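Both of the next two complexes hold chain A, though its partner changes from chain B to chain C.
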Partner chain A sequence: MRATLRRTLGLAWVLPALVLVGVFVYLPLVQNLQFSTAKWDIYSGGQEFVGLGNYTKLAEDPVFWSSLGNNVLYAAVSIVFQVFGALLLAALIESVRSERWQRALRAIYFIPSAISLTVAGLLFYFLYEPNLGPLNHALRAAGLGELAQAWLGQESTAMSAIIAMSQWQGFGYSTLLFAVAIQRIPGEIYGAAAIDGVGPVGRFFHVTVPLVREMTGLMAIVTLSGAFQVFNEVMVMTAGGPNNSTQVLGTWLYRSGFVRNNFGYAAAIATVLFAITLAVAVAQLWVTRRRRVEW
Partner chain B sequence: MRPRALPTFAALLGTLTLAACGGGGAAQAPKADAAATPEFSGTLSILTKFAGDPTGPYFEKLTAAYAKQHPQVKFELIQETDQSVKDKLKTLTASDALPDIYFTWTGNWADNYIRGGRAADLSAVIGPDTAWGKTFSPGSLAAFARDGKYYGIPLYGNGKFMGYSKSAFAKAGVEVPRTFEELVAACGPLRKAGYEPVAFGNKDGWPALHYLQQLFAYNVPDATLQADFDPATAKLDDPGYVTALNQFKTLVDQCTDTREGTNGVLYSSAQEAFAGGKAAMYYQEILEFDNATSDKVKPDDFGIFQLPVPRNAPGDGAVLEGSPEGYLVNARSPRVALAVDFMKFVTSQENARTLSAPPYGQPSTVVGAVTPETSSKAVYEGVQLVNKAPKLAIWLDTVTVPEVADAWLAGGEALISGGTTAEKVLESVRQASESAK
Partner chain C sequence: MVTRLSFLGVIARVFMWAFLLALAVVVLYPLLWMTLNGFKTNAELFGDPFALPLDWSFDNYAKAWNRGVSGYLGTSVLVTLTSTVATVFISAWAAYGLTRVDIPLNRTLTAAVLGGLMLAPTVALVPLVRLFQSLGLYNTFWALLILYTAFRIPFTTFLIRAYMIDLPREVDEAAEMDGAGRWTAFWRIILPMCKPILTSTVLLHILFTWNEYLFAMIFTSGSGVQTLPVGLTSLMSKHGTDYPVVFAGMVIAALPVVLLFFLGQRYIVKGLADGIGK
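Entry: the complex of A and B
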């Protein structure tokens, strides 16, 4: 009886939170699904059911596919830099003997992550500016003037320029997390490996990499998920241009709804984006549950 | 990488949801009596696109002055920029939370609000035969009319001109060009004289549309052009489009220093290059004239001319790009009469003159407000040219449906960066128009 009462009371306590989550998290998801099957005129408020029409249109939309491609490119580069690159850098920092230098290096790498994405985007916008930007000035000063160009103004370079900025901004955060994971590895393991004659490279591959695999898996998933949700930096730096060459799913969703007035179509993009991030989130839960390393 | 875009994405999703919650068809505008005697109480909400300097204080001062006359009236003033007002308006529309008075462009932009029953019919108070209506230039009133009804309150007129530095032209030994070909030919000597011939920043995409719309008016017969703005009648097969696109590309390649990199330059950077005396020309709106001058380009050194007509252009060479911009009153507002009274106050002769004078420099549509005494020389000259033009070509991004405008925008960017041809741009616009039917 007391247990039942306790359970009921417990439910009563979480009920407000459940209602809030239901209204503000799950209801929008369901409604978004409903919008994705409609042609919605925001001016008249009218909605016309079009079934899977928006999804069919999506499948035939070259900008949707190029946006998805940009997200995939973003994810691939991020995995290389923010997972493998960050792990390598963290290992190097942690191999520095001086504690003071370690702290200083961690801070140096982490500082870009403390800057908001919008500010970082604006900063890089001016860095890349073709006439006044320091990047082109530096290239000219170094005698490499032929490389100077409108980094964000050309279809061939704009996406790479945005991705580069994003790596700069996120690299330190990943490095710090890997550094924390490396610090959790007992020093005796490294000591034993050293006694066995394993060099620094061997210790990295045979001790560090296996023992931070939980963090590696987690970072890979988080990086992947973030790469599909990218929005702010693209919006600030190019808004998807020129000629839609830097559109990603988030910005194409925004443009379809808020610029082209196709809110039903935007909802269909949102559903696809949701499906991708949901898949990544499920993988994340699976990885964090199964990859626990004990010592 | 962190899942940092999640809040943004959630906000977008939330907006859509809120819109559904707010829901409710608004196709039929409720009958609002704009001519009723207002009740001077309550809060009047206004959405402007006057945020920032120098225009920011204009509505702030007017609302304060009006509240002084009517102490029971409070104001909620939402001020946005030219770029951000677009998103704000759509978000508020989708969530059925439009303010009592809100900014609008003409063309398809205003039509959407009228068609959706969101704009109050103000014919009884602002029609051309009414006392208030007679204070405006007829053309500016007509720009917001639909099916014989008058919905908009035009606040200022606008037109697009090539602003130039007279001293730069003198130094380069060039005259004001009379044809488009002469304009392009002048770019060489101007560059030799140490100037970027035409400063141009197309980071936002729409500045290219301004060139294109004026060139379309010159190269495509007007009837064809008007039919092509509406996807239901559009064919978009006139050869004038390709000619105009190629002329635009020629101008970018030969007259700007940034050439194929122009998409990476901010509109404001180009504006500063001109005001800073580095560029000889800059294509700009009347609204920008009072900001175009500086220590380097003094008001007497600043001249304007309409983008010259290309030789043998089959369109109408007298058409000038521009249109009035104004305000709509929310048809669902319980304070329509009060909103009308406030806008009468805003467009009074005295306030219209203030708006037209520096530092605001927004040429009022109120007859007699723009005079050589109240406005700067360039603004006055620009308004005279706008009034003289037999027809105005409305901005390409507001005159047609957004999907088509967006295709023109992407096409303009692609043309600049050299990623496509004029023919391919036209084909992509044709497809967008087809899909928007």
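Entry: the complex of A and C
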């Protein structure tokens, strides 16, 4: 009896974490499902049950679909640059003979990831600026003046310009992690491959790639889940414009709820976002399970 | 044959170095441009964007500081410090309970705490706004402190727990033999042994909090409670024509974390590698 009491008292260790996560992470998630079936005004407090009404409206909303499309595009480009590009880059850095240069390169590439997305977003807002921005100046100086344009101001280029900025900001982070993964590969394996006459390219494909496979899988998932949560850079650079062409699920949710005061609709977008991130999280569990993580 | 190979090898090395250095320039140039612009006048800024500033004065930095950046910086420092202490302490507390205390439903509780890792903040946004409004915490410092702590507990607990699992059991037995209670064992023995991972989690939490924008933007609007990321966008909209001042503000916001990264690089890498690798 006393032993049971003692064990139960041990719960006090986990209680603060559990209460905070429960009240501020899980509870809102459940409430969100409920809110998504209502039409309500956060200021007047009035709520009216509309069932799946918000979801049918969502399915007919062209901006929702183009937002989702932008997230998918964002994910695809990020996978290319921040997973495969970063892996290749990390392998290049690790093949540099001087350890001091290796460290310097990894650190330089990481700096953009340490500064906030707000600073990075504002910075690129100015870099892309049609008149004072160095990008257009450089194009004109190189005799490519006809390519100079309002990068963030037109529908055809705005999303690509934002995605390009994100790659600049994020690639150093995954490169650093791949570099750590490559360092963990025992040197003898590379030595043995070299003795067998395998060149640097062969060593990359036959030693590095298979041995960092787990990190590649995890980075793909981290990148994917990040791509569907994009918010900050879009908000700072275009706020979803021009003409909703750079809207992503996160900013469309924000605009629907907090600007257009349609919180039920915003909650429905949140549910879609939840379904996607959950699917990605399940994939993550599946990848990590193979490592026999003890719980 | 050998010379041909090494000749190709030299060519490959030259290309590799050219690529690595070009990439470094692409990364560093925008940052350098930002820093230099903080020293320019508006007229210089609209002239040749590649020119160096004529007069290296700190006027724009002083202006940015006086136009609100000092306040945003103060809020950022306060929110960062308090939420770091709260998050790391509560997470270490939970990790100790989950790894070294015999408690019922251990696996379920572990899953419940770490499961929060999978949920995106955006998804909970609408209900959270209502919750904080009804608690009267909307637009207060407490909203950010609570949100940053609650949303980072799963990740931080995850890192500390993975480290604590690997500490030898004999330590606990020895502590018990010496008559130490649970609290003493946690505070005096286990926590000091976890110092490397605690340093990692502290640094990672600071990087996160200092740069967070979504919650800060939605849960604060008054200038007394805005953090740097949100404050910078207000600086931009309020003094949008005085660009060099905005650049100075951006540099002030970016500098502390870049310095922190260089000082704590080893620990940040370790924390990230442990977090993602496990």
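To be clear about the criterion, the second predicted complex is superposed on the first by the 282 of 295 C-alpha atoms of A that agree within 3 Å, B and C clash if a C-alpha of one lies under 4 Å from a C-alpha of the other, contacts with A are read in each partner's own complex, and residues count from 1 in each chain.
As a convention for this text, a contact is a pair of C-beta atoms (placed from the backbone, for glycine too) under 8 Å apart; a residue touches a chain by one contact, two chains touch by 3 or more.
The structure displayed is predicted, hence computed values, not measured ones.
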Which of chain B and chain C A:L253 touches, first, second, both or neither: both
Partner chain(s) touched by A:W168 [first = chain B, second = chain C, both, neither]: second
Which of chain B and chain C A:Q82 touches, first, second, both or neither: first
Partner chain in contact with A:P130 - chain B first, chain C second, else both or neither: first
Touching partner for A:L122 - first (chain B), second (chain C), both, neither: second
First, second, both or neither for A:P28, with chain B first and chain C second: both
Partner chain(s) touched by A:A107 [first = chain B, second = chain C, both, neither]: second
More chain A residues in contact - chain B or chain C: C
Chain B versus chain C as contact partner of A:A266, first or second or both or neither: both
Touched partner set for A:S225, first chain B, second chain C, both or neither: both
Chain B and chain C contact sites that coincide on chain A, given as residue numbers: 24, 27-29, 31-32, 35, 42, 117, 131-132, 173, 222, 225, 229, 231-232, 250, 253-254, 257-258, 263, 266-267, 270, 273
Complex interface listing, chain C residues touching chain A: 12, 16, 19-20, 23-24, 26-28, 30-31, 33-34, 37, 45-46, 48-50, 90-91, 93-94, 96-98, 101-104, 107, 109-113, 116-131, 133, 146-147, 149-151, 153-154, 157, 165, 207, 210-214, 217-218, 228-230, 232-233, 236, 243, 246-247, 250, 253-254, 257-258, 260-262, 265, 269, 272-273, 276-278
Touching residues on chain A, where the partner in the complex is chain B: 24, 27-29, 31-32, 34-35, 41-46, 57, 78, 82, 117, 128-132, 149-155, 158, 166, 170, 173-174, 222-223, 225-227, 229-232, 238-239, 241-245, 250, 253-255, 257-263, 266-267, 270, 273
Complex contact set, residues of chain A against chain C: 7-8, 10-14, 16-18, 20-29, 31-32, 35, 42, 89, 92-93, 95-96, 105, 107-112, 114-119, 122-124, 126-127, 131-134, 137, 168, 172-173, 176-177, 180-181, 200, 214-215, 218-219, 222, 225, 228-229, 231-232, 235-236, 249-250, 253-254, 257-258, 263, 266-267, 270-271, 273-274, 277-278, 281, 284, 288, 291, 293-295
Footprint of chain A on chain B - complex, ascending: 1-6, 8-10, 12-14, 16-17, 19-20, 23-27, 86-87, 90-91, 93-94, 96, 112-113, 115-118, 202-205, 257-258, 260-266, 269, 273, 401-403, 406, 410-411, 413-414, 416-417, 419-420, 435
